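After this come two complexes, each holding chain A, first together with chain B and then together with chain C.
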Partner chain A sequence: MAFGGTAPAHAQDKVEILNVSYDPTRELYRDYNELFAKWWESQGHGTVTMQQSHGGSGGQARAVIDGLDAQVVTLALSADIDAIAQKTGKIPADWQSKLPHNASPYTSTIVFLVRKGNPKGIHDWGDLVKDGVQVVTPNPKTSGGARWNFLAAWAWAEAQPGGTEETAKAFVHDLYTHVPVLDSGARGSTTTFTQRGVGDVLLAWENEAYLAIIELGADKFEIVVPSVSMLAEPPVALVEGNIHSPGQKAVAEAYLEHLYSPEAQAIAWKHYYRAWHTSAADPKDVARFPDINRVSISHFGGWAEAQPRFFGDGGVFDQIYSGN
Partner chain B sequence: MSDVVLAQSTPVTTEPRLTRHILIGAVLVLIMVLLFAPLIAVFAEALAKGWMASVGSLASPDARSAIRLTLTVAAIAVPLNAVFGVAAAWAITKFDFRGKAFLITLIDLPFSVSPVVAGLCLVLLCGANSSLGAWLIAHDVKIVFAFPGIVLATMFVTFPFVARELIPVMVEQGRAEEEAALTLGASGWRAFFTVTLPNVRWALLYGVLLCNARAMGEFGAVAVISGKIRGETTTMPIMIEMLYNEYLSVAAFSLAAVLAFLALVTLTLKSLLEWRHADLLAATRRH
Partner chain C sequence: MRASILRSPSPLPGFGLSFGIMMTVLSIVVLLPIGALLGRGLMIGPGDLWGMVNSRRIWAALSLSFRAALIASLFNLVFGLILAWVLVRYRFWGRRFIDAAVDLPVVLPTAVAGISLTAIYAPNGVFGQALAPFGIKVAYTELGIWMALIFIGLPFVVRTVQPVIEEIDREVEEVSATLGAQRAYTLRRVVLPTLTPALLTGFALALARSVGEYGSVIFIAGNIPNLTEIAPLLIVIRLEEYNYNAAAAIGIAMLLISFTMLLAINVIQIWSRRRIGLV
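Presenting the complex of A and B:
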């Protein structure tokens, strides 16, 4: 550097980054990418192109492990990012402490989507195992949302009078006998329920349920909020091992940090996520969420413990599902 | 092939007229319900919000890049498969060697292996966790989740089409003509280009068209290896599924209509070929 002056990113540099994300965030990141690109250029940097890939959270993590060249991952739960960190070493083990709120710029929860008029009278988790009720939920092996669904059902069963690990296990076993089809991702389950007309109730991300109503009509579906659900924290991380230039690193870091800006948070609220900051958000977007008793993943000892126990090979899900 | 033989129309059955009409009618109804109705539904959905919406969705960068990618992949995979197919069929039918039966089985492998498995095999072979994959990454060569992987997956799945069309024709033709050419002093290449190739040209074209139709429509193997990077590794079938999942019905079905249209063009070409050259086709096939 004989001439000094190491500008991190020249104004004419064109940087591309790939964000590998999970299923229901398509609309959120479509808007956020636009916001970020404008903001980045307004800061005097060069143009930046964001590429997106969406699918079931577990499957997306698998693709990154197999070499999908993502600079940032924005997945459904920390266990999937942990898997990338462990298997590839491209993400540092302490990634979740690098950004605020457990590296989760927005949160969500699990609700029920039922057909208009709630013909089967579904009000809480217990109603899902009534005779003749069909439940649609994706496969917990590949879908992050499906794992939150599973744990929400478990948390409810455990919180019932006389509830123990045994009764919870019996309840989820019963629940999955009511599931006619396991799609690989949350969006696949939503289309199975809404467009193909399968099942009486869809266990869905709250944002996914709202989106289905907006897109397909409030005259067709309604949301039922159960008494207990999960505090779902979909986290984000920088894939350091896939950074190929200093310019790319600067963009990828800024991309994740800017998710916490009031403007980005407003976009998250708009797309039915429960974000953290409300200063720039439309108050109506914030007010529409009902209060829900949300159980944190720490109740299960964090994902590092919950993932192998419930969803690992031979874990609780394997035990109850092979019994079907 | 049976359709060509049928075209020569000497009745081979003795069933009464009524039975024949009922049978033909049943087949027609079945074809209408199973093949035509879904096709019409695709076009109807695409035009649900009018021509402008449909054409507008096709002008989006995502749709355009998907169309471009699919056509590029087919433009590479189909000619290569045609060359490999001719070479394989030629080797199998004109020479005797050990392991010939094994080679024939190998050519059929892509027909019997599920496309998803084919895609996974490529990921396992060239992915970041294989030694080959690690070497590729170290040399900055991208195969999986990139364009070359999509081409490879498509080639794998469409490999048998050309060879399978050629082998029966070449078996029937035998080796006498080539042997005559060689006796008269032609070189091996000359015998191939002036005797073998002209004899199989219609079967070859037929195989290429089938191969092309399948190459453009392949979903399973490509889905596994594409990484689904929007506008980058999304072929038309992948993009159609994506758009459908994003509640963008018009865009999804418009793209599906384009894909169906491309397939129909292929089929029309094939039919034209059969119609224009029915005699030649029949002659080369029954030679």
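Presenting the complex of A and C:
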């Protein structure tokens, strides 16, 4: 790994890179891009311009596969980056071992956002399928966050006394009959729940749930932490096939590497991600996260196995809606 | 007559050039994309195509898309005619403003239309709240899809019918009246037949636009498989699964159904033109 400051010959070039990311990272990367640009220039390099693109994780991956000229992808789950690697060869197959922590600079989890006072008494996954409860979650086919939601529900059901694959399947089947709207991305679902007043509970990225409370008022919503959830690791990767110059390569590599710096980690904490290093973070940002039993994707055999089994054509999710 | 034009070009110069330009542009803009879609279909083969389309969820989506488009266009057919009639025949304060506003659905980005309609008809929206006591839900139901399609299809009927209404000789109606016809009879036997071809064209345009509409509908539809999931959304979902063949299969199914419907409308149109002697 030869990162950062290795291309002095191109130091004065004006370099531009495109970071293709998923839905709820808008605020995070807005701050991080500012931090990185300053840091990069302070290291004696030329100016850099970072372009951002956000959308549902699956759709973003497809855009890159279809030719969107991204130098860096920062998506919701490794299956989407795997797809780019497999379909285009622009990312090496072993991309996830190139950066620390499975190439995930920050982690998150799935929590419940409910209306103030929790009028429907929702405390854990089992409460979501009670009569009259409406659940808002995006479509797992198009949204990475929704896939974490789905698997978190599955993991909970399986962990119940007497839980088996069959009971888990029955539970998620039941759960989706309580979903009145399937938006295509996480941000769309947040809007449906918060602005349109639809549903009693939103299954949300933890950072998205906090953001909703900050933006829309602590008097309207509150967060409920379920007993089991997922250890969501949104990974990052360099799209080597879209690197057009050594200068661009240096910037793109440094851009990813610097995500692990204490300053960048502090930004991740600030934006409600569970990052790795706390040295530069505001202790308050770290302390606000409750402990939560988080199941790793490796429990499902990794995304390479979970993706086709649950979300592929004819997979478990399709079976929910192809039945009667 | 058409065949003879092809055989002996008109005495006016420029036929070769304009025909060439027409074919080039038509090929690049229309024929190539459709050809690519059909080509993909040929590569897959009709048996596999049928296998990919023949599922409960896809039939539900196709039937929803065409049903909603049909209902919305029929509504627009009636309401668009009334609107066009009022705009042409009556003079009132604000007429020009309304006339200009009719085009707004075409100009507005469809996402904006979808979000605005959803905000209004959502359970906490202005209309949504008013309708809730009656148990009527609009946003996230099929009714919401109708609303979105009515919104985007309306200008097509109004703008095709309006100029024809302007052309109607009022003397014809007066003659009808002096010959003893009632108002309703004149409307039914004199005015409407003249308008039928234009109405059908407007209806066909609105229908074609509604069937493929995506941007505004996904915001208000709810997108629940088998209930409120439109066919174009299913195509996008198949693309997100990297299943390009299945996406093409649904696309081809929509193309075939649309083509059949437009053909049927054209046949009716030719028949109605013959009937009132416009051919």
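Here are some notes:
Here, the second predicted complex is superposed on the first by the 312 of 324 C-alpha atoms of A that agree within 3 Å, B and C clash if a C-alpha of one lies under 4 Å from a C-alpha of the other, contacts with A are read in each partner's own complex, and residues count from 1 in each chain.
As a convention for this text, a residue touches a chain if its C-beta (ideal position, glycine included) is under 8 Å from a C-beta of that chain, and two chains touch if they have at least 3 such contacts.
Worth saying up front: this structure is predicted, and the values here are computed from it rather than measured.
In the superposed pair of complexes, A:Gly55 makes contact with chain B only, with no contact to chain C.
Of the two partner chains, chain B is the only one that A:Leu216 touches; chain C does not reach it.
Once the two complexes are laid over each other on the shared chain, residue contacts for A:Asp183 go to chain C alone; chain B is not touched. In the superposition on chain A, contact is made by A:Thr88 with chain B only, not with chain C. In the superposed model, A:Pro140 lies in contact with neither chain B nor chain C.
Once both structures are placed on chain A, chain A residues 65, 87 are touched by chain B and, in the other complex, by chain C. Those residues of chain A that touch chain C in the complex are listed here as 56, 58-59, 62, 65, 83, 87, 139, 141-142, 179-184, 195-198, 311-313, 321-322.
Only residues 55-57, 118-119, 122-125, 139-140, 218, 222-226, 229, 236-237, 239-243, 246 of chain C touch chain A when the two sit together in their complex. Those residues of chain A whose C-beta lies close enough to touch chain B in the complex are 18, 23, 26-27, 51-55, 63, 65-69, 87-88, 187-188, 191, 211, 215-216. Across the interface of their complex, chain A is touched by residues 123, 127-129, 133, 137, 142, 144-145, 227-232, 242, 244-247 of chain B.
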